[in-house]
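Next up: some structures, all given as structure tokens.
In the two complexes that follow, chain A is the common piece, with chain B as its partner first and chain C second.
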Partner chain A sequence: MRGVVRSFLVSLWFMALTFPIVVIKVSSLDGSIGWRWENAVGIGIGVFVVSFIWRALLVRRGAMTPREADLEWLFTWLEVERNQRIAKAVGLFIGCNVPVLFLVSVGGWKGFLTSLHALEVGTVAALVLAHFGMILGGGALRGKQRGAVAVQWVRQTAASPLGRKGAVVALMAFVLPLPFFMDMYQVNIISSALIWIMLGLGLNIVVGQAGLLVLGYVAFYAVGAYTYAIGNLHFGNEYIGFWTFLPIGGLLAMLAGVLLSFPVLRLRGDYLAIVTLGFGEIVRVVLEGGSLSLNPILSLLPTSVVQALPASFQNTLDLGGPAGIGGIPYPGFFGMKLSMDDSIRLVYFVALGLTIITIIAVSRLRDSRLGRSWAALREDEIACEAMGINKVTAKLSAFALGACWAGFGGVLFAAKTSFINPSSFTFMESALILSVVVLGGLDSIIGVALGACVLILLPEYLRSLNEYRMLIFGASMVLMMVFRPQGLLPAKAIKRTMPVVTEPPMNEKAGAA
Partner chain B sequence: MMQAASSTAALPVLEVRDLSKRFGGLLALSDVNLNIHQGEVVALIGPNGAGKTTLFNCITSIYTPSEGQVVLRRPQGEECILNTHKPHEVTRLGMARTFQNIRLFQGMTVLENVMIARHCRTRAGVFGALLRPAWVRREERAIEEKSYTLLQYMGLESLYAEEARNLSYGQQRRLEIARALATEPFLLLLDEPAAGMNPQETLELKEMVLDIRKAFNLSVLLIEHDMSMVMSLSDRIYVMEYGCNIASGTPDEVRHNKQVIKAYLGEDDA
Partner chain C sequence: MADIDWHYFLELLVSGVTKGCIYALIALGYTMVYGIIELINFAHGEVYMLGAFTGLIVAGVLGVMGFPETGILLIGGVVAVIYCSAYGFTVEKIAYKPLRNATRLSPLISAIGMSIFLQNYVRIAQTQDFLRYPNLIPDFAFLEPISDILRPSGFVIIVTSSLVMAVLTLFIKYTRLGKAMRATAQNRKMAMLLGIDSDRIISATFIIGSALAAVGGVLIASHTQQINFNIGFLAGIKAFTAAVLGGIGSIPGAMLGGIVLGCCESFAAGYLSSDYEDMFAFAILILILIFRPSGLLGKAKVQKV
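Moving on to the complex of A and B:
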């Protein structure tokens, strides 16, 4: 009975936790308070059921015996093959219908239909994902066999080079015409997801590959965004625009990365995290301060250079303060006049192109001399040095390259939103980028890309569920970390097939000599 | 045999001169002297806490010596004073080491572990990695092949795609040596290579050390507690106690040295 009692207590606990948001409804119009007790009951029942599933999964992982979990009956029943098939069918049925039922129960039929209308791709994707999830779940309950048919099919496709090429082609065929079918709101959301993939992959260089925990990554993002915003303010014209500032933003962010890495070269782990956290905050506070005096930099220059500056030169740099900087133009396209919609589409294609370049660059870096030196740094710093790897170079290059991609992302972000202010560059963003990397799978490129999609798209598409949005978001993060701490798609070692080396092994050579 | 080894090269490949190391008030090493000649196997023995590993760390520049010098003579003839070098520079100069508590890159494959060690003998940088010109692809291929050859030499080639943490203890030790050899050293430092091995494995290890010395033209300095291995393997032995050299010489000389017996067995009245 212990399991049942525990489930009961857990559901009570969750009812208490969610009480303020699901039960109390304060109407700000007439100042009255409504009590929606039925919601608390719903939560209680739901959690009670979910906690049984939770324990079933724990039993499967070997963390519990069926007896401890009060689930002996289930596992005895599942020992029969016929029952396993039934369980799978039930899992499939529930898997197909739960998301629908859920949306209906939360938003009502009308809400469900409107949300379908508004979400289109997103909801369908969520349904498909949930479907896959439940097939996995059905397969998981079935016993020791790993995964269901669909999952195996995905695995096999991913394993063969032809399958992978086909998948890439199919994906491109899907994403390239996308902005011509969707409304601009959707295109914008997907563009930001693409920017987040870039950010995630950039941070992955530092955190995933080199193992340096950085909590202030958003600072580099801000450097990129403000480079474009301020640069556009002072130098922007029809020739100098997005395409000029994209590389400059990347380079300046890279410079910021190098500057930050000097003081933190000796630090690692928690200490590194705290220093980089401080760095992120410094950048944000400077941006909120509104202006930056250039006098310290000018004093370093020879007087002749300073005197040669034009009279219009101001020795304070206007950063816009909390109000931010607006009027940032969209990327140009060979000087053509683009409509609003076409500009948004162009941002999408630029984001897509940069993401593809990022993916190629990052995967090449991973499988290179430099990437191996980062991995060595992550695995064991002392052994890494004993292998002849210069720790300083390895750390510097990881910081510089990671920051560079944040800079690109920042410039693109500024171009996409056409208005930036410091509140887009808070610690929350840093934490979210880190979550993308950890949730997706440290050091795994596809994992990080998937993580970015899930973390950025999920809250957007759950928007119609208003107050439940962050609850579901948080709950899915907790579930992920408990049942799949290595991330959605954990990193795999680079596949190498060793050729038959015709040379005889060295000991034979030595013996012959 | 020992005379032959020391007379072939006029000057030692490694020379430790009056080396001292202080940690705050603690004198971990005091005026330690040590020479290794080309092709020699030299053992460093002594009770626990005698400062053997500290000496290793000073030689490989993980620690900076407080006083004294570490001089490395490369086969090319140049002479380097290692005191101010960084550990990775020492490796590049041609000295490789293994660690007392195995320090493999646990999460990486066996082959990658060896490939990492090729780092200091290759040169592709950021742009090489991103653009992958032909010479980088050739270099990568050469790294793979060379690493694989070393694995074959150590008898680990069938495990090349395995994660290093999944290897047995003895295999991990061998992999660590393979990794050290991949840096193309002329001087190999082994820190307790036989720790945790059974007598059979120790015997194989001894054969292997002699083998690689010949095949790779190495000089070897090793710390070891297994006396039977030390006595049969080394050309010369240095004995340390409380951070000082207390004796040195051929295995026979050391075996009969009174101070050594005292250090190991305590005061003997008989």
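Moving on to the complex of A and C:
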């Protein structure tokens, strides 16, 4: 009973708190006032339910005792094993249907059905799978433990090397022929999800592996994209194109990463975050400014080199300003003339190839000497220095490698969209890449890939969700940090312990003596 | 030296101080929170934006009811302060309190999430367009002669924020709560051992910081006369720069830092180039962090292991 009163009070508090913003709307045209009472009711009911779940989850996390949460009755009831199963099934049922409920509440039944139309294979499969899991859970509820057997099977397959290879082969067999069956719109979306996986993995090197919070990651992405766009504008011809600028973009982004990392080498976590945020904003402001004076750089070069450059490349560099740069060509394929559709397919395969290379590189890096030193840096900077790890090298290399992948991603992005402007490189993009990494699980490769797919594909397919996209991201970032800081699919910490020589415990010895 | 345009100089100085006062008001919230729980409260800029919005909505409602303009400004300000304090309190309880013992990265990411959430909450519940803010500040007769340098709104900003900052200084220095706050900032564990309830102090810090941000929000909105849902982002970062400039954790430092930053920006925009006005704040931030990370008034901390 006290729990109910408490939730009621919380919901009253939130209704009062959100009242001016959510209920009152002042028209900017004539100053008339609209009262939207239905919103207050919605918030009241929503908060009432959420506050129960919130407290129950806090108790489960161990941040509260059932008594403090006024949920003693719930946890006493849960002590019985059968009740636990019931609770699990109910929880699964609600969990599976929350997206459906949400979509219905946002767009109404009609909106939900149209969004179902737009739902493609992946999302439908995910929903079906979720419900299937729920049924299995229900099976377990009846004591047959079918769900447990299925889970066991998945775990065992994932653990055995053969099972893993099989899974990779099956995945490749699924993704390789994909662009020949889907229409080009879909292929484009999947290509962008692949680019985001690359970005997420790149940022994961810096944030997840080395523990350096970077909030201006999009700046490196912009460096890559603008390298291709500007390079193509000035030097592009049939020989110099995407494949030339891909490594150059990566290298330039890497250079930007190193340049940025010098001033921030000494900074601790949160200062680092804000400085990199500032760096990202500076890059955006410069891009919006429209031109960059090249004289300081050109004066360093010998005159013969400068004169050999195209005229448009001397003195100032045109960055396109807020309007951006267009007409960026698709990647070429050994000088063949490709149709529009084939070009889009090619972008997909390039993205896929780069993603695979990234995944291999990142997982190899993690187990390398460098990767180990990053992990040490992340866990404890002082202890890491004391172990003789060169902090400067570790930080510089993390920045450089992380930025490099953003550069590749940027070049590919420019090639995919054939038009770029500064509004693709705002802080929100940085925050999105960060939430990909955080949602998936810091330092977990599969997690990051999953995070990118969820965050990029879902809003693409669920258009009615689009308006709420950032709201949900913000909320999920907070919720993840509070309830599951390790992410959806967390990385397993490598445990290699020394063999322990068993000794009888102290008190037994004392007792014997 | 006759070619110095003093009038232009004064104009820039006054506009710099006006802007600086607002930065200082927001920076105080950052610096107080940082002093106590070592967290950059990214959502603080959003609280400032909420203050501006609440002020606008209250003004709209009261305007329809036919209140006089000065009354609207006062009531709007008070309501905004109350609401923002409540927001600050709630944000702390939801996003930071459960993370008190987590790693450093978690509360920071949670704060960024909160900031994104609040921005979009206002965008969805209200509008994403710029809203015109009503002109609520009366014309003061005694400002007539210098009206081209100091607008009435600028005058109100400077006077109000000086007053608020003076009250805050006295509060921190002499009241029981203020002393407890200083003690907690110095050493939280020790303060707890002496019987100070640190949860209460943290809540109080968030409430006071948010109230200051709300004052800043209402004032700046009546000065620039337009608001939208993401004014908090840039203002927040600049205020954070101001806090770092003054020495994070130091209350007089935040006030000084805000005013210095405002003046720097104003002069740079006036004498160099106005295109890159927003860039100077970031450039200053990066330079301070390289050359004097402890800020103007901060003390260099020796890290003990």
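The rule is short, and it goes like this: the second predicted complex is superposed on the first by the 313 of 513 C-alpha atoms of A that agree within 3 Å, B and C clash if a C-alpha of one lies under 4 Å from a C-alpha of the other, contacts with A are read in each partner's own complex, and residues count from 1 in each chain.
Everything below uses one rule, namely that a residue touches a chain if its C-beta (ideal position, glycine included) is under 8 Å from a C-beta of that chain, and two chains touch if they have at least 3 such contacts.
The shown structure was predicted, so the numbers you read here are calculated from the model rather than taken from an experiment.
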One more residue to check, A:Ile382. First (chain B), second (chain C), both or neither? both
Review point. After superposition on the shared chain, which partner residues are touched by A:Ile86: those of chain B (first), chain C (second), both, or neither?
Key: neither
In the overlaid three-chain picture, which partner chain does A:Lys391 touch, first (chain B) or second (chain C), both, or neither?
first
After lining up the shared chain so the two structures overlap, which partner does A:Ala361 touch, if you call chain B first and chain C second: first, second, both or neither?
-> first
* Using the touch definition from the top, say if A:Leu301 reaches chain B (first), chain C (second), both or neither. => neither
Q: Once the structures are superposed on A, label A:Val438 by its partner contacts, choosing first (chain B), second (chain C), both or neither.
A: second
- Task: Give one of first, second, both or neither to describe whether A:Ala475 is in contact with chain B, with chain C, with both, or with none.
- Result: second
Between chain B and chain C, more residues of chain A are touched by C
**Prompt:** So, does A:Leu370 touch the first partner chain B, the second partner chain C, both, or neither?
**Reply:** first
Overlap of chain B and chain C contacts on chain A, residues 382
The residues of chain B that touch chain A in their complex are 60, 62, 86-88, 91-92, 96-97, 99, 103-109, 111-112, 115-117, 119-126, 128-130, 132, 136, 139-140, 143-145, 148-150, 152-153, 157, 160-161, 163, 179, 183, 211, 214-216
The answer for chain A against chain C in the complex is residues 13-14, 16-18, 20-22, 24-26, 28, 31-33, 39, 58, 61, 63, 207, 211, 213, 215, 263-264, 266-267, 269-271, 273-275, 277-279, 281-282, 285-286, 289, 382, 427-428, 431, 434-435, 438, 467-468, 470-471, 473-478, 480-482, 485
Residue set of chain A touching chain B in the complex reads 361, 364-365, 368-373, 375-376, 379-380, 382-391, 397, 401, 493-496, 498-499, 501, 503, 505-507, 509-510
Listed in rising order, the residues of chain C that touch chain A in the complex are 38-40, 50, 53-54, 56-58, 60-61, 63-64, 79, 83, 86-87, 90, 94-95, 98-99, 102-110, 112-122, 124-127, 129, 131-132, 233, 237, 240-241, 244, 275-276, 278-279, 281-283, 285-286, 289-290, 293, 303, 305
